[in-house]
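Pasting a structure here, questions to come.
As written, the chain order gives the labels A, B, C and D, with residue 1 at the start of each chain.
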Amino acid sequence: MTQTSILTVDRLVKHFPTKAGTVRAVDDIAFDIATGDTLGLVGESGSGKTTTAQCVLGIYPPTSGDIVFEGATIGVMFNRRSKELKRKIRIVFQDPGSSLNPKRTIKQILSVPLRVHGIGTDRERLTTMSRLLEMVELPPADYLYKYPQAIGGGEKQMVAIARALATNPRFIVLDEPTSALDVSVQGKIINLLMRLAKELNLTYLFITHDLSLMRNVATRVAIMYLGKLCEIARTEEFFRSPMHPYTNMLLSSIPVVTEQEESLKPKKIVSQGEIPSPVNIPPGCSFHLRCPERLPICSEVDPEMAIQEDGRVVRCHLFPAR
Amino acid sequence: MRPPLIVRKAGLKRNMLIFIGKRLFQSLFVLFGLSLLIFFIARVMPGDPARAALGFLATEEQVERLREEMHLNDPFPVQYYHWLRNLMHGDLGRSSYTHRPVTTDIVQYLPATFELILFATLISAIIGQVTGVLAGYFRNSWFDGLSRLVSYLGIATPSFVVAILLLFIFSQVLKMAPGVGRLPVMITPPPAVTGFITIDSLLAGRADLALTALKHMILPAVSLSVIHIAQEGRITRTSIVENMQKDYITVHKVHGIRSSRLVFKYLLKPSIIPTVTVMGLDFAFLMSNAFLVEMVYMWPGFSRYAVTAMLNKDLNAIVAVVLVIGLTFALVNLIVDIIIMGLDPTVRLRRGGG
Amino acid sequence: MQWNDRRADLQATLKQRRRGVSRGWYKFSRNPLSVVGLVVLGIIVLAAIFAPYITPYPGHAKPYTNFAQASQAPSAEHWFGTDRVGRDIFSRVIFGYRFSLLIGAVVLSLGVAPGVILGLIAGYHQGTWVETGIMRITDVFLAVPPLVLALAITAMLTPNLMNQMMAIALVWWPWYARLVFALASSLRSEYFVREAELTGASKLHIMFKEILPNCFAPVMTKMTLDMGIVILLGATLSFIGLGVQPPKPGLGTMVAEGAKRLPGEWWGTVFPALAIVAVILAFNLVGDGLRDVFSVEEV
Amino acid sequence: MDRLLAIKDLHVGFRIFEGQLRVLNGVCLDVKEGERVGLVGETGCGKTTTVKAVLRVLPTPPARITGGEIIYNGQDILKMTRRQMTMLRRHELTAIFQDPLQSLNPVFTIGTQLRDIVRDSAIGRGQRLSRREVEARCLSALHETGMPDPERIMTNYPVQLSGGMRQRICIAEALSTNANLLLADEPTTNLDVTIQDQILRKLDELVEEKGASVVMITHSMGVVRDLTQRVNIMYAGSIVEMAKTRDLLERPKHPYTQGLMASVPKLTGEGVSEGIPGRIPNYLDPPPGCRFHPRCEHRMEICEMTAPPFFETGDEHQVACYLYGGKT
């Protein structure tokens, strides 16, 4: 790869001690994101994808491991991070209903990042806010003075994106930004995000459970299961020939709408079993209980991440390092 | 999506014990804080407790001796320490009004109040629940409207007003109910075993006496319970209406569950949980409302003792009264929590464990 | 551009606010009982404010005796009758409202602010020692019913109006602390609070600009309902003899005095009692109407 | 095949503070004996209202059925007495809802709830079951849905189970009555894809086995493709297109259906379309004529005046759009 990576996560571990035992939410994962790329972090509920994003954002400090952003270690809570770092890393949350304060107008909402980061004078800020709304294709005159409850879910998400852009960031975490929206609205948001990424040279960490969406959005895809990564690959290779049995299971479970899509789904693997509790992770490979292709070794030894011939990384005994 | 709660059966009993232990510890802490607060106010206020205790006729020397005895010349923490140590031995000091140990007074007066309050709780629970359920189930009917109107009046009328009006109407004008007190003046009360006259009479084999006592209790108990009937009725109604809109009730209906079973089993159980919580709170509030009602009905109970203590600035008694009510409140809340654990499996499974 | 102008900015904000008010009034007016409550409340407040000008015998609120007029039943001259020293009960009831409203207003203005602020701080610092400290102290104050604690404190101080208000305020703040704590700690996990934190907004901004506005509706509703409860508590204290002292016309005091002369002079008790019921009822009705406006859930 | 359920021109409104929400605007839907029909639409289009109207569990007020008929086996459900309705629910109609946690009573064990359903439904058929028979039927109902250890599940409360398990229980409850018609309202929307796949396959298998008819309500075109033979597309309170599932997915005719199909992200990776501009109308004051016209790029004058009737465009393919007829 010729591009430099903007974010590197190395051996990241995040455990939550609870009375019932330790929840191993993120258990030793590593990946990096190149500048201008979109990494799709895909997993089912409880896979640890959101916790990973929260560690990157500094909502939780990692239990161990490194998070490196633009060459500097940032693995601490947000309140110990520099303002500059907060300016560069931004977030768009999943639920547009809860991510905008219902008691504040769009103008007030957009003004917070500008004031906190001392961008512009009072007078300039109004212009900046209008420009931000125009960037997300909302006419400022109609929206600045509205309260969030007066606008639709898709529009709320646009405002959340405008708020993220307010500080002129380098990197945005998108935490399931469209999963609460209908598909007919989703398209607009996704296209907007993709256009902005190109225009502003943004890098995205895109958290989602929707693999079909990732096919159309991500430059690389990473699959998580029970706090561990199963497979990371460039999007096209990933969908052309998925390797990890869990990936295959996910792909085969997706409901699709056309014949061409049906032909792309792996046929031989059928979904079975449920995700075990992250307090009681099975020994060996955590997926072995549900794996149709398990080997005797799988219940004993946890496989390592192994780089394959084409550069992709898979964590499975079926695919040892070459 | 919420993760499942995994608790083993054996763990359940332990959870419960741990929970009760925790709650007892918390209550102890709160009572300690309460005693500190009330003791502090009792000591910092202007005036001389020793003088107040002995009255105007005592000599300066006598007062000074009592000051020594009560450790009033010591700094506040030392005073508090001595008071706390006496408390451990069941000694709350002497009442400056009755000139008897406060503990003796409380033991004597408390049963009369508890008898009254329990009766009032029973009345308000039964009437409140029944009207609440009916009003909720037949929402927007004439009954709902009427009970709403009455409950507004119930909440807005102070208990002393209710007490006076009931006494005035039923006892003085209509002569349907007996007057004040626990028993008519000429009648000797049964030997005290529990302190509850109704029960003591029955123990002594005097059913007639129990009936007389019960008659005496009706008016004050009703005066006490009016406001609680209104409140509990409203809460039950809200809860019923809320639960009727829940998906699971729709699902039960869709599966063709018989409607009597739907209402009295599947709707009622989740709906009474908030009412039970409120009933616990209400028990404590009954104790404070009893202050007024006992005054009006000359009920020889703890609450009237408390009012007398307050009117006479009887410091030791005031401190003791507040603590006793705090203790009762804590115990009732613990019982309520245990009942709720029994009713609501989510609470039962989540407490203590994961 | 039009929106890029300060005045337009202000106008747009005002327009939003006006629309909010008119929508609120619409919801409020859907409940006729609330409107009745509001009207009654308005009359009571105005009457109390202008008591010296509208009551027939303003002098009767002060020490006054006229045994020639004593213990008269209600008549055209004395609407609510007269008491045993010949004072006009109607005039005294109107003056009594002054004390009741004063108690409610003073107690809430003293009690609400500290309660709200402490609850806010505790809610924002949920799970830390700050929360534990504040909420355990709150628990101590809530360990006995407010009436008991207020009575005890008033009794130990000198019983008068001032001390009574202080005592009630002292037992009242914890209710607001607990309410706001519950609201704030659940709001704390909302994404908009998280976003503000990640942006780097200050704690003060988050507590007062992001969280507090969302507590406004329930606090307002509780305050209205509490006005009724505080007035009731004030009347109760007066009834026992630990509040407004005679000859000042406290409503509770009047009921207590009148009660001694039942059943003969029923008017001495019944009218002040009805006056108490009316004001508390009015506050309750208005509070319920506000609850509809803010659509706050019951309890 | 006979018609089992026929919804004819159903209108439902909700009275709220601001006025009358006219939600359902002439819904028509047919289900034949043994057939599986899909009802697809986005949030707020009235899918759930339709289901609740059929089951007669709409809260009235605020809801009001202002017109139309729901004919089940020749009888109008809307005219039935409460007793008849209970009987119908006990062995003819059944349903599964979206949120399995909300669908189960939190303060009773799974066993308590299931036993009552089994017992009451047997009474509906005129049978009185012994305690042992009830128990056996409950266990077999749970077992059928692929639940491990049904005995233990019977003693559990809903909070003790995972989302997938809860939905399996809802399916077990629904199918334990041996109903002829199952209304499944977004039964897998809250579940993960791998679990969704398992549940849908299990549901498919059980329905096949019992020969019941199904109305599958969902927002996902993909779910409909796997499970149904015919599909109805719903927009803002009315059906805009109905056809055989494969036919519709390959050749969507209504502009809304076309927009929806284009918006679905595909595994083939040709990018995501812009979607449909605007949003679902406000039901207080819905647009006159075709309710889709403000968002439609093909709108004509007539669309703003009268709602389009269905036009037949091929093999059982009907579209409510003036692009396909009525231009004269």
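By definition in this document, contacts are C-beta pairs under 8 Å (C-beta built on N, C-alpha and C of every residue); 3 or more make two chains touch, one makes a residue touch a chain.
Just so it is clear, the model here is predicted, and its values are computed rather than measured.
**Student:** Give the chain pair, either B-D or A-D, that is connected by more C-beta contacts.
**Tutor:** Taking the two pairs in turn, the one with more contacts turns out to be A-D.
**Student:** So which chain is the furthest away from chain A, centre to centre on CA atoms?
**Tutor:** Chain centre farthest from chain A's centre: B.
**Student:** Where the centres are mean C-alpha positions, what is the separation of chain A from chain B, in Å?
**Tutor:** Spacing between the chain centres: roughly 54 Å.
**Student:** From the mean C-alpha coordinate of chain A to that of chain D, what's the distance rounded to whole Å?
**Tutor:** About 32 Å, centre to centre.
**Student:** Chain C to chain D: how many Å between their CA centres?
**Tutor:** The separation of the two C-alpha centroids amounts to 51 Å.
**Student:** For chain C, write out the residues touching at least two other chains, lowest number first.
**Tutor:** none
**Student:** List, in ascending order, every residue of chain B touching at least 2 other chains.
**Tutor:** Within chain B, residues 1, 3-4, 6 contact more than one other chain.
**Student:** Find every residue in chain D that makes contact with two or more other chains and list them.
**Tutor:** Where chain D meets two or more other chains at a single residue, that happens at 162, 165.
**Student:** Quick one: which bits of chain B touch chain C in the complex? Just the residue numbers, please.
**Tutor:** Per the touch definition, chain B meets chain C at residues 26, 29-31, 33-34, 37-38, 41-42, 45-46, 152-153, 155-158, 160-161, 164-165, 167-168, 172-173, 234-235, 238, 274, 278, 284-285, 287-289, 291-292, 295-296, 306-307, 309-311, 313, 315, 318, 321-322, 325-326, 329-330.
**Student:** What part of chain A is in contact with chain C in the complex they form?
**Tutor:** The contact residues of chain A facing chain C are 57-59, 78-79, 83, 86-87, 90-91, 93-95, 98-105, 112-113, 116-117, 126-127, 130, 140-141, 144-147, 163, 167.
**Student:** Which chain C residues qualify as touching chain D in the complex?
**Tutor:** Within the complex, chain C touches chain D at residues 26-27, 30.
**Student:** Which chain C residues qualify as touching chain B in the complex?
**Tutor:** 33, 136-137, 139-141, 143-149, 151-158, 228, 232, 235-236, 239-242, 252, 255-256, 259, 262-263, 266, 269-270, 273, 276-277, 280-281, 284-285, 298-299
**Student:** Can you check the complex and tell me which residues of chain D touch chain A?
**Tutor:** Touch list, chain D to chain A: 42-43, 162, 164-165, 192-198, 200-201, 219-223, 225-226, 249-250, 259-277, 279.
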